[in-house]
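Look for subunit A in each of the two complexes below; its partner is subunit B in the first and subunit C in the second.
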Partner chain A sequence: MVRRQDLSGRQLDAALQLLDRQIVDSDGRMVAKVDDIELSERDGELEVTALLIGPGALGSRLRGELGRLVTSVWRRLRTDARPMPGRIEMSEVVRIDSAIHVAPSISELESVPGVNGYEQWVRQHIIERLPGASDE
Partner chain B sequence: MKRGLAVALGILTAIGGFVDIGDIVTNAQVGSRFGLALVWVVVTGVAGICVFAEMSGRVAAVSGRATFDVVRERLGPRVGLMNLVASASITLLTFIAEIGGVALALQLATSINYFLWIPLVGFLVWVVLWRVKFVLLENVFGLMGLALIAFGVAVWQLGPDWGDLWEQAAQPGTPPGESAFTYWYYAVALLGAAMTPYEVFFFSSGGVEEKWKTRDIPVMRANVFVGFPLGGVLSISIAAAAAVVLLPMSIQADTLGQVALPVAVALGKIGLVVVLVGFFAATFGAACETGLSVGYSISQYFGWQWGKYVRPREAARFHLTILLGTILGVAVLLTTVDPIKVTEYSVVFSALALPLTYFPILVVANDRDYMGQHANSRTANALGTLFLFIIGVASLAAIPLMVVTKAGQ
Partner chain C sequence: MSEHDRRLSQLLGMPVLDLEGEEIGHVNDVRLVGKSGAGDQSAVLRVQGVVVADRFVGSLLGYDRKTEHGPWAVRSVVRWIHRGAKLAPWDAVERVDWTKRTLTVDATRLTPLADTRN
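Presenting the complex of A and B:
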């Protein structure tokens, strides 16, 4: 969660540039929206260390009742004791224009737990069972 | 030569694809009750959709990002979500109306009750969205939709008093037996029908599907500035046919059969067949467009992979959204709700939601970070602001007018 008072003007600007932008992989495939960002302190300065994605990150930014609902439903659907939102390291970002381009391919990204879990579930259990799901 | 053909094809499909069930029903109803006294609204609406479709197409070509992608970026997750819920619900309502329209067109052609057609139409729409290539889908239904030119031919064959028609259009007024409230209610409905929000979602997402680049902007502009106005002429010819045949007989166009009646009167069976083909193509094509648009807008908000340029398994949630939307649409229609009524409400609610769609487009098209030298010119901004004001007024007036006129009665 980004709080204004934690950031200097320049850093706030950088953070706002990233939020809600589309993340695309090395082939231009759409991965996710930047639902939130992770800030870490290094040498007394805050820096963006990861892009956070999925309902676990979006919930806190929606605020209010709706935000709490999204977060608690997301938590219930996860099997791990302390679920964390999906994260993509900032070091994997190669370019930022109208989208955020990351170096790994989408299949590499999706092998990390918490990244596009629902997409994979829907793919395996519904879409791939329909004829022609893998045709061009 | 090849490029010329591509441009011509684009323009033709833009004309045929412009008209949907909302345009057909609303124009026929207005023509049968007010003659051509509301043509100025269609002209205004078409100009408005041209201005904003060009902006959203330009954003897509320059940035590779479709409308809802940028809506969330500009409005933030919370306001963006409210916008998504409103826009996607109205697009879904339009989707339901289009499926109903296809079923009604098939009932007219076959005399088989439309309830039997609804599940089949739903299934066919889903199969097309699952299997058929984007470009093929756009071209086939766009070209077949040109059959609606039969309305224009019918008006010409009926040999109306052109001077009288011109006077109705040029000096608009409320005809006897209608109140000023119903006049303005239908003005709002016509504006909603002409500027339906899904059209810009579909247009900008289609630009990304077809991988438009900056060099494609001139072709995109030709499609918009030539194709859409000619599509608007098709809409007006539906109203004119109703004004010439139905208005003098005091028939209100409440069914698709009555909408087609003027063509049957003027051109006989052949004309009727052509119009039925046109109805089918226009509604089926628009059903595909609205079905896709529901998937586009939701996927773009959440950042899911979307589009028909990838295999379905690579855009799993996008295709699931379309599948669920289609099932829901069929289920709603099977509750025996009247598809024509659904259409009437869909265009008025579209009018209500117009500013939600168009305001963010105007903002993004001005963003030099995003658009560089392709950001809006002064003219585009002046026109954009003018139309935003008009749709703002229409949006505010929509519900009060609906209540006062009991939905146009």
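Presenting the complex of A and C:
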């Protein structure tokens, strides 16, 4: 477990030090990369409220034809009517260094919509159907 | 996400206008600062300002920082390319038009980037 870092007074350049950084869970396992950052307006100020991950976040960042293609493929593959990108609350972030450390484990994060979605889908629909997949 | 939620990618690359509506650059990065949370809540990251670059040639790679070490040749080149980069404090931002993608600042309050990093 990584000790919570006090971020008070620390300056960070968002694109340089947060975007595209690796998100690491409480056991040091890789979760995803930061594809975009959610900013919320509060009392006239903008505050970082979540890390956004997955093609739903990356598509709008890429702009142009490529961005539209990524977003539309991602929408087609999602079953929910109004799909939203994977989202990890900023309050779950415990440390920012060369990686971004979050408090939950990757298995806890899998219950968050959009987090690790394709890996879960491949496991459920392909890996678990292979002969011998249930063997320890 | 609510209608008041924005994305960092909406700000990055956004044209920056002065109060007369003249374009003076674009948003190259967004500087955040940690603020103590209420009670026992963890610190929150707030937008402190935006880095305004007068040309679009990519990231400053951290070479604007006084404490950043690295090959002096690379540092010198990157600093020279971004010699016009400035920081606009968030309270100098008069207006952000998220639909038209423009950010209007009081240009008299821009400070050279090299003087702003702690």
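The rule is simple: the second predicted complex is superposed on the first by the 112 of 136 C-alpha atoms of A that agree within 3 Å, B and C clash if a C-alpha of one lies under 4 Å from a C-alpha of the other, contacts with A are read in each partner's own complex, and residues count from 1 in each chain.
Keep this in mind: a contact is a pair of C-beta atoms (placed from the backbone, for glycine too) under 8 Å apart; a residue touches a chain by one contact, two chains touch by 3 or more.
Note that the coordinates shown come from a computational prediction; the quantities given were computed from them, not determined experimentally.
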- Message: Let me test your reading of the model: by the given contact rule, A:Ile127 touches which partner, first (subunit B), second (subunit C), both or neither?
- Response: first
- Message: One more residue to check, A:Glu89. First (subunit B), second (subunit C), both or neither?
- Response: neither
- Now for A:Arg61: first (subunit B), second (subunit C), both, or neither, which partner does it touch? both
- Does the superposition put A:Leu39 against subunit B (first), subunit C (second), both, or neither? second
- Message: A:Val48 in the overlay: touching subunit B, subunit C, both, or neither? Say first, second, both or neither.
- Response: second
- Query: What is the contact status of A:Glu108 with respect to subunit B (first) and subunit C (second): first, second, both, or neither?
  - Reply: neither
- Where does A:Met30 make contact in the superposed view: on subunit B (first), on subunit C (second), on both, or on neither? first
- Query: Can you list the residues of subunit A that touch subunit B in one structure and subunit C in the other?
  - Reply: 61
- Message: Could you list, by residue number, the parts of subunit A that touch subunit C in their complex?
- Response: 4, 6-19, 36-41, 45-49, 52, 57, 60-61, 84, 87, 90-91, 94
- Any idea which subunit B residues touch subunit A in the complex? 63-65, 69, 72-73, 76-78, 80-81, 130-131, 301-306, 310-314, 316-317, 319-320, 323, 370
- Residues on subunit A engaged by subunit B in the complex (per definition of touch): 20-23, 29-35, 53, 58, 61-63, 66, 97-99, 106, 118-120, 122-123, 126-128, 130, 132-136
- Task: Under the touch definition given earlier, write down the residues of subunit C that touch subunit A in their complex.
- Result: 1-2, 4-9, 11-12, 28-36, 41-48, 51, 59-62, 90, 117-118
